[in-house]
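Shared between the two complexes below is chain A, which pairs with chain B and chain C, respectively.
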Partner chain A sequence: MNKTKKWIQEIKNKLHFNSKKEIVDFLVRLIFMISTIVSGSFIIIIIIFIAREGIKPFVTDNDGLGAVNLFRFLTGRVWLTGTTFQSTLYSVGFIIINTIYVAILSLLISMPIGVLTALFIAKIAPTKLSSIMRTVIELLAAIPSIVYGLFGAGVILPFVYNFAKTLGIQSPGGNSVLATVIVLSLMILPTITALSEVAIRSVGKDIEHGSLALGATKTQTHFKVILTSAKSGIFSAAILGIGRALGEATAVSLVAGNAQNGPSFGIFQTTSTLTSTMLQGLKETIGLDYDIRFSVGIVLMIVILITNTLLNYVKRKVGNVNVK
Partner chain B sequence: MKKIILLLLVLLSGSLVACSSSDDWDSSKNITLYTRDTSSGTRAGFMEGIGFSEAAEDNSLLAEGYVIKDNTGILTSMKTDEYGIGYVSLASLNDEIKGLQFDGVDPTVANVVNNTYGLKRPFNYVIRSLDDFANDTEKEITLAFIAFLHTSDGADIITNEGAIPLTSTSTWDEIKDDYEVCSLDNSGVTIKFGGSDSIEKIALALTEAFAPKCGNFTPEHDHTGSSDGFKRTQGSEKDGVNYKHVGFASRPFKDSELGSDGTQGQLAWDAIVAIVHLNNEVTNVTAEDLKKIYSGEYTTWDQLIG
Partner chain C sequence: MSNKRKRFDKLLQTVTYISASIGVLILSLIVVFVIRNGVGLINLDLITNDYHAQFYNGGIDEIVTFSNTPRPNELDSGDIYSEKWGIALRDGLDREGKPIIEVVFIAEDSPLYTMYDKNNLENTEFKIEVENIISSVKFDNKPSALSIYGAEYMINELDAENQFREIVFSSLGGGIRGSLITTLYTIGLTLIIALPIGIFSAIYLNEFAKKNRLTRVIRSMIEMLTGVPSIIFGLMGLAVFVPLTTRYTPATSANLISGSLTLAVILLPIIIRSTEESLKVIPDDFRFASLALGANNSQTTFKVVLPSALPGILTATLLAIGRVIGESAALIFAIGTTIKDDISIFGKSTTLAVHIWSLLTDEPANIELASTISIIILFIVLILNISVKLLSKKYLKRA
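Moving on to the complex of A and B:
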């Protein structure tokens, strides 16, 4: 009891305001705190909700079907063996590999293009062109993913189909790893470009001038001095880019072909990602087939967490050079 | 700048030319399967129609290399993939792709209604025996609902939901005077609907439109599968807690499900059509062909053409 009284007394002391200004200050701080609590608690509520639904298939007997085997779930190579609504033999092992595979391929394509574009906009292009390009990139970043998906289904799929045909390969309508990677690269390109551009622009003029004064050419300076100095920021761009690639659902499900077994490494094979698997039939299904999608969601969150931690670790290892 | 734009234009036109090459259709190529996912009603109807109903909810029975897409996805894929085959509901068939004849009959609404096109399933209803209703109000509303199914108002709703209604002769306004119960206030009456879950969407749309026309009775939907349609209206569960006034079945009634006179009938057809690319030389398939294609017995188009 004493403690509580003391505590209340402390708060009273703290709430003792000397002037109107202090009251306003206190209220403003209170509003900040409340908004932080609200946004923070949403994350917690979402995690609790997903976890509660997603753990259910493993711990309950799923209305008589029996519990899903966690080891098999994480390592298997077929999404569902047996009849839907009657089988518990779900696996996402190959889908985890597919997801990481397409995300890394997309990053490999869009990183060089994005960074070089950023270098061009920030350092090489005339002021007018660079401001136009900057707007274009921002616009691209704001396009919703379903639009990329429709573009993918309408343009990329026929393109990949015909490309495979000229190589003498029969592609299933273009639905493939390649189409998925192209769509994802297009989607994460603006993110990577915009963030890299900010990082490159924030490299100090004195470093650049120093390099030029030592007799290095402009190109040498750009690649050896500016890009190395901005690498920390460029890594942040890669982290955000790969996060978007891993989490993209709508666009991917329109071009991936939703393979039910795998993993798919050939670029003309159909594939599936964690998100496209979650989305597939989500609106029509029930019971375990519905709950298991939350489990896939947990797996996805863990995959994103691990990837980001790894990249952050690399980013810290790579270090930082005098970036303002 | 001009040079760059010129270069881009050249590249773009080059790739467009490369895309628009049209070779002859080659029947030695492999068949690419397109299918809906296991929760789709169209898939259930299609697999039943070709005698492969065990594959309705089991992907592992399908031939390797299939692609899972939704209705629109299958339609757009057939515009690209010259060697693909898929299926869509008849309502979404258009002339950018080729709808295959089934047993030699064109997939048209007219052929479905005159019962010559075979790849379809009936949407049937069954109501309680006329002497087995708790009271006259429930019986009258149920009968009015059945009459509503056969009006052009009901037909419009069924068409909107993607099925094909039977021919209707009158509008609800013309026949509503025959059903006095609908001019009363029925807000305290609950009518229970059940049976096939494939028909659930149509049934919901129908009762939503009909309830205000018939004294605002309360429709209650609990769709659990075709076999419960008869069981819970006239069969073993007709007096149980799950009893229904109206049951639906997305298949013909079995011999064991024949009810008393005037309690059963059909409200619509659900027709599905197998589709291929316009360049495809195949024009006609049979149920057996489709089963062999989807089970992987036929892997190239040559095998189908024979």
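Moving on to the complex of A and C:
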């Protein structure tokens, strides 16, 4: 009891103002604090509301259609068996695999290119050239994803179509795993380059000089000493890059081809990712076909979370190896 | 050093050079592609025109006097002129690349000026104008002259007659005025919402908050927003802001306000980080001096700290504008993909980026117009980027 009284007294003391100036000061603090709490709470709002909508298909009977089977949803190989509005047989199993598959492939393409570009900018190029290159990378990073999508639809799709044709394969308009991977790797290249460059530049001069003094050539030093020392930073770049690749939506939806079943591993097969699936069939505004989009959203968030945790774990393991 | 070593070094160097040139190559490819496809459509009309063409049916009474204006000299050799009707037509292509017949000249004494609006007899401002598109001329006694037969056929058919049943004509659609206005509205609304909250949060975190666990948690919660893909923000807008705005405003579906609110959430971490960075470089001496002179915390914040942080806030604003212009995935859900000409902040509409998406998901995709819009977007983004760079350079020099 005594404690509560003390508390009330304390609050009363705090709320007792001697002048108008103090009231203003208090109000300003209050507004600032509320703004901060609002800013911080959005991540919770996102999680709560998407979870609320996304869990609905699994726990309610969806206006008489019956609940969606969670196990089937996570493992199935066809997006929708039956017709829209009449079936609960949704599955994203193959889409999860597709998403991770294209993300890893694009990382495999843009990682070496990005890291070597970063090395060139940070260590090899003369000052003037490296500042031009840095601007180029910044501009690439600033290009909105929809423009990459347009580039994909206008240049990469015809290219893939013709490439497939010369190999004697019929590709539907070029919409394919290959096109998706190319577009994604273009998009994550600037992210990876910029972050790797920071990592490479922060490698100490003494390590570099030590290597050169021991008789290693410049190229040997760059590849064997600097890149290995910057390993941890480069790994962070990869984590951010793959996060962007997993979450990219509009550009991918324009070149993926929206495969309804899979998984698709062949590079000329059409594919579909979690994000492109969310963007298809936007006409429905109520019912299961609307709610299922949120379920896909939850799956996407979980996939990104797991990938990040996994890569961060690997990074810690890799980072622990003593480079010196 | 062995020859083998040298060769290997050369190989690695070459690979590095090639990799470095790829970035430059991609940027130039994108720019060249967009400009080559889009530059043909760029003109002022595109920005001022509506997207949806207005169709009119013009009827005509008994004609008393025909035109007798001779063929004007300024017409191209390809333009077909009818002296009887005082009108010149030209075969052209619309913004989707389909063949059309456009009006290039009408004589002042043309009988076509006596046409009335068959759909709305009270419409007194009804008239056919230069740049209108004629889709067909219908006659009472013979088949219609459709635009697919070309301008010459249409003029010949008209010249052979003294009367027609109606002329169907339209304005040239495909303009982006609506999307452009939506984009501007969205930028304004988003900044009005996001800037105060973002700046206040940054000030609170940097100036007022105690360095304790709670502050760290809030800070990392704001940081977490940067890792969320934009399509998830779109879903949040759909689940939170769309129902909220439809309940408390006249809106009935996704609208500009819900879109701006969604964008504001996306921008918060960007604004907070940028503002905080500029707050951090303000020396503590400023604050102590102000406090020592008897100012209290909020006075110090508003009169000393905030003015010094202005360049950072300006940078944040420019970055935010760039993000709003380029954002597509979140807005597909939070504003919708309906292309509109009359814009209301309570109505559905699209920004330029979503307009591109709609054009590309149509069958067949309209690459030309999409490229033209991309030129506009890229141009704005380029200017914003350069301004941010100049601003931070100037600011760094001073600090």
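A few comments on the model shown:
Here is the rule we go by: the second predicted complex is superposed on the first by the 282 of 324 C-alpha atoms of A that agree within 3 Å, B and C clash if a C-alpha of one lies under 4 Å from a C-alpha of the other, contacts with A are read in each partner's own complex, and residues count from 1 in each chain.
Heads up, the rule we're going with is that a residue touches a chain if its C-beta (ideal position, glycine included) is under 8 Å from a C-beta of that chain, and two chains touch if they have at least 3 such contacts.
Just so it is clear, the model here is predicted, and its values are computed rather than measured.
Overlaying the two complexes via chain A brings chain B and chain C into a clash.
In the superposition on chain A, A:Gly40 contacts chain C only, with no contact to chain B. Of the two partner chains, chain B is the only one touched by A:Thr270; chain C is not. One of chain B and chain C touches more residues of chain A, and that partner is C. In the superposition on chain A, contact of A:Ala153 is made with both chain B and chain C. After overlaying the two complexes on the shared chain, residue contacts for A:Thr83 are found with chain B alone; chain C is out of touch. In the overlay built on the shared chain, the residue A:Pro172 is in contact with chain B alone; chain C does not reach it.
In the superposition on chain A, A:Leu116 makes contact with chain C only, while chain B stays out of contact range. Once the complexes are superposed on chain A, the part of chain C occupying the same space as chain B corresponds, among 74-82, 236-244, 308-316 or 362-370, to 362-370.
Looking at chain A, you'll find residues 153-154, 254, 285 touch chain B in one structure and chain C in the other.
Those residues of chain B lying in contact with chain A across their complex are 1, 15, 18-19, 21, 23, 29-30, 32, 34, 37-41, 54, 57-60, 65-69, 73, 76-77, 79-81, 83-84.
Per the touch definition, chain C reaches chain A in the complex via residues 1, 5, 9, 12-13, 15-17, 19-20, 22-24, 26-27, 29-30, 33-34, 37, 196-198, 200-201, 203-205, 208-209, 217-219, 221-222, 224-225, 227-233, 235-236, 239-240, 253, 265, 268, 272, 296-299, 301-302, 322, 325-329, 332, 337, 353-354, 356-357, 360-361, 365, 367, 370-371, 374, 377-378, 381-382, 384-385.
Contact residues of chain A toward chain C in the complex are 21-22, 24-25, 28-29, 31-33, 35-46, 49-50, 52-53, 112-114, 116-117, 119-121, 124-125, 133, 136-140, 142-151, 153-155, 186, 189-190, 193, 217, 219-220, 222-223, 243-244, 246-250, 253-254, 275, 278-279, 282, 285, 293-294, 297, 300-301, 304, 308.
Residue ranges on chain A touching chain B, taken from their complex, read 78-86, 129, 153-154, 157-159, 161-162, 165-166, 170-175, 254, 257-258, 260, 270, 280-281, 284-285, 289.
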